[in-house]
Amino acid sequence: MNLSVDIGGLRLKNPVVTASGTFAYGVEYAEFLDLNQIGAITVKGLSTRPSKGNRPGRVWETPCGMLNAIGLQNIGIDAFIKDKLPELKKYDTKIIANFYGDTIEEYAEAAAALSAADGIHALEMNISCPNKQAGWLAFGTDPALTQKVVAAARGATKLPLIVKLSPNVTSIADMARAAVDGGADALSVVNTITGMAIDIESRRPRLSNIVGGLSGPAIRPIALRMVYEAARAVKVPVIGMGGIMTGADAIEFMLAGASAIAVGTVNFVNPAAAVEILEGIKQYMAGHSIDDINSLVGGMIC
Amino acid sequence: MNLSVDIGGLRLKNPVVTASGTFAYGVEYAEFLDLNQIGAITVKGLSTRPSKGNRPGRVWETPCGMLNAIGLQNIGIDAFIKDKLPELKKYDTKIIANFYGDTIEEYAEAAAALSAADGIHALEMNISCPNKQAGWLAFGTDPALTQKVVAAARGATKLPLIVKLSPNVTSIADMARAAVDGGADALSVVNTITGMAIDIESRRPRLSNIVGGLSGPAIRPIALRMVYEAARAVKVPVIGMGGIMTGADAIEFMLAGASAIAVGTVNFVNPAAAVEILEGIKQYMAGHSIDDINSLVGGMIC
Amino acid sequence: MNRFFSADIIRNFQSQESRNFILEVRPHAALGSALPGQFFMLKQAGAVDPLLMRPFSLADFIPPNENNPNGSLMFVIHAIGRGTNILRRLPKGTLLTVIGPVGAGFPPVSEGETLIIVAGGIGIASVFGLIFKYPGVPLFYGVRTKELMIDSGLLNYPQDKLHIASDDGSVGDEGSVLDLLERYLERDGAIHSGGRLKIYACGPHSMYKAMAKMALDADVYVSLETPMACGVGTCLGCAVETVGGLQMVCKDGPVFNLKDILLDG
Amino acid sequence: MNRFFSADIIRNFQSQESRNFILEVRPHAALGSALPGQFFMLKQAGAVDPLLMRPFSLADFIPPNENNPNGSLMFVIHAIGRGTNILRRLPKGTLLTVIGPVGAGFPPVSEGETLIIVAGGIGIASVFGLIFKYPGVPLFYGVRTKELMIDSGLLNYPQDKLHIASDDGSVGDEGSVLDLLERYLERDGAIHSGGRLKIYACGPHSMYKAMAKMALDADVYVSLETPMACGVGTCLGCAVETVGGLQMVCKDGPVFNLKDILLDG
């Protein structure tokens, strides 16, 4: 059974990736599952300087989903390379460094800094966090700016460059094309959907940032549709994510066009989810006599 | 206790409206609840000619939500006026006729035909059904076209004109402004979010139309955020909807800026939901010593 | 008669061998009488997973008694997906909301007409009502294997009227129940010479397709299943294609004349 | 030691008078020992409503026996919202998934130090572990009203060490438990002259704010509650503002020194 997939030059031994921000810096999960079994680990979004994120009131549960407004709190690229990477790279898995900047220059700087480190296999560029200010959001919603910021990062790294798209757009296909035009080797589809919740007793928003990103099974049908649309719009591989809880969910994303899948929120409710989902994928393949996982990609019959 | 609200010239005795397509032509629900207690009934989307909608494979359940691709099946405006309206207008509630066209001219025609009938109190213009073709979708996603089609309908009716917005856009605020510039007296926010699901056994999409509209509690945080953004962008009243199941949910939408709320998917799982939600609103008001429901509108404290 | 009411589970009986279970619920309001083939929409009150109600045929109605002033409703259910597996685990006392009876049942059998019932798999649940109404009519019942057979309602059934087949031969004849039916009709063709033959069937889609190919000299009525949202004809979600255009399974059906429906794919 | 395991409910005991219930669960794996103040994340296996696990303090650990080779965990829970109300209705045998023990517990009390425990409302659940570890220390327990009092773990508590207050006077003194504490400290100030006084508290945010204003001559440690997603320090969702910047309640806490936390609003 071949489970290996190629994500824009990044070869994974299997298509199961952990989603950024839901798996810390990877090593924290070593107690719960065998990291060697995961296709790739995407670490929490990194910036050149450490960031303390938003004020408390950061997570809130909603029907079959959760809102978060962590605000990209992270220890910074230097600390990551110094304190986390040495331990993380001992595992036989691929490491994807998710990163962001507040300006085009910062994106390029971050990409360059991460590329200089030893043991990072690919970069995932976050232009789609819903907890940032209006100006920043344009990186992920205005195709011209998307292309520009991607091109800047592209110029700063030789590593496979994955661009993570926002679902908060009219046309994910247009955004996918813009990212590819900017030089993306692959796409991650999707980040969280902007949502909010209000405490009717205090009349205050549940999140200090007022709005936050919705993730979890609630968004799965929307994420699946976006993966389908994005995968048809471009030739580069797509990592599908949004509400995946089981192997069956993962298969759905691959049939819609994803070459690999990422698991996010499910890690919080089942820290061993990544390996269980991989197990589910294998069972489906065995049960359906599928030898090569790649034959599933985009295999939906209309 | 004052429950009465004004929706762009349409005065409702209370803010609970039934959402189009989830309450048939109203009369079908008379066996389940007292229609006289509802603020307004919005009927299934009507077109000048009857429409048979999409092929089967029309509904599918997803986590805390459902996908539908009914495809706007309806009996047509003439049959509605002849066969349903006479019975419906016997009730002491307001009747909102939801309608759509396939061209700008058809929108105007439909608006004119409905305005000529006796007993319709307002029109709700659907420019946001996710089950239509790419060309049609532009009515609800391209602000210039939105303004144009709304203006055409505006010219054809003197009734309060409510425009129902699509959530499948980058900026709901821009769409809200476009609709108001076209002459909308009020906005309905939001219609369903485009999603899909695949049967991993047959590899076929669950819906014959491939994609469909996601509704129900899953989308509530997204809908709430869009109501908040739309209500801040324009001065006309907003009818908030998307996943409302209880009186508490309704209050959340009003605090976010909705002047009235519509209940959709919940009608399918509790056909008496509209009156129960109204009851919940009243209890909240009594418990919080709120005399006038209008004082809640946009009352979120940041 | 109120068709929307709450109810509580008074029995949730699990089969040891299979994923079949019997759910007995006590309605909190008086209900209208249900015809064979009609069904009820059920869901745990207040739950959002599953969100939608699930359609189930009424297997039996137990008349009012001291404990259950409105009688009780029995459903025979095969746990197949998420919703039915959750239902299967709900303890006694769980509050449900129910809509029903809904749909149009099997047409009444007129004097002089001969009735034969065909059930495939969990389709048996939908024909219990027919069996009680027309006791002793020939019943053809096909299952995949013995464990899946639901025999609780059939214990006293006249043995010569009961024709059972299973895919693996573990109970009754090995093979398709339709083969049994075909042989029966050839052999006992005479029995219905006196009047029109009616066949009422409930089973999987594939069974109906096979029946359509059999060119039966009978009025064949079948009970269809489609995903549903409302169950009362308002969402337009349960459409099925018929020779006369789209019809709603929950309202125009679930029972249709086999020759009227377009069995695609 | 595996901190992620499945477990099944072996007892779900409802209080007749209140929404409090006791949940006893049997872990399917051996666990590490928990310190007072540490907690567990619980959820019904496979459920998506509620989606996230819920944090609960370990009220008691019952050592392994024949039926429960890994012992059993007892939680005392107040049904307050959607998740706890669903948990309250889960029958015996329901499969749960559990993470724990997690968090940093109350710091150990050194020789020569004097300990006083303060519990407000359901906060009592978090201090049971302390009571078992330091039996007979003065316990101040405030409830809104008698029905909400959880006395199961306090039946044998030395009466002169137990100081109870209720808002409505239905049990113990009428008024705030902090008034009782204040009077006690004034009166018995001598008792801790021998060493540093430590006050370990668990209760609502408002109680901590009131305690902060009391300017207690003691090391006051409190157990905080915030909404959580992961419970293990990875989602960064449960942040709380402290004098030293943001800290995670699930990992750096839930127990914090009262003077380190910024009690806003």
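In this document, chain identifiers A, B, C and D correspond to the written order of the chains, with residue numbering beginning at 1 in each.
We adopt the following convention: a residue touches a chain if its C-beta (ideal position, glycine included) is under 8 Å from a C-beta of that chain, and two chains touch if they have at least 3 such contacts.
Only a predicted model underlies this, so the values are computations on that prediction, with no experimental measurement involved.
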Weigh B-D against B-C on C-beta contact pairs and write down the one with more. B-C
Distance-maximising chain from subunit A - centres being C-alpha averages: C
If you average the Cα atoms of subunit B and of subunit D to get two centres, how far apart are those centres in Å? 46
Using mean CA coordinates as chain centres, what's the gap between subunit A and subunit D in Å? 36
Inter-centroid spacing, subunit B versus subunit A (mean Cα positions, whole Å): 34
Residues of subunit D engaged with two or more neighbouring chains: 48-49
Got the subunit B residues that touch at least 2 other chains? 63-65, 216-217
Which of line, ring, star, complete or other matches the graph of chains that touch? complete
Flag every residue of subunit D that touches subunit B in the complex, lowest number first. 48-49
Under the touch definition given earlier, write down the residues of subunit B that touch subunit A in their complex. 62-65, 67, 141, 168-170, 193-198, 200, 202-205, 210-211, 214, 216-222, 224-225, 228, 243, 248, 251-252, 255-256, 284, 299-302
Subunit C - residues contacting subunit B, complex: 2-4, 43, 48-53, 83, 97, 99, 226-241, 245-246
Subunit D contact footprint on subunit C (complex, rising order): 47-49, 89, 91, 94
Give every residue of subunit A touching subunit D within the complex, in rising order. 21-24, 28-29, 31-32, 44, 52-53, 55-56, 58-61, 63-66, 68, 70, 73, 216-217, 245, 265, 267-272
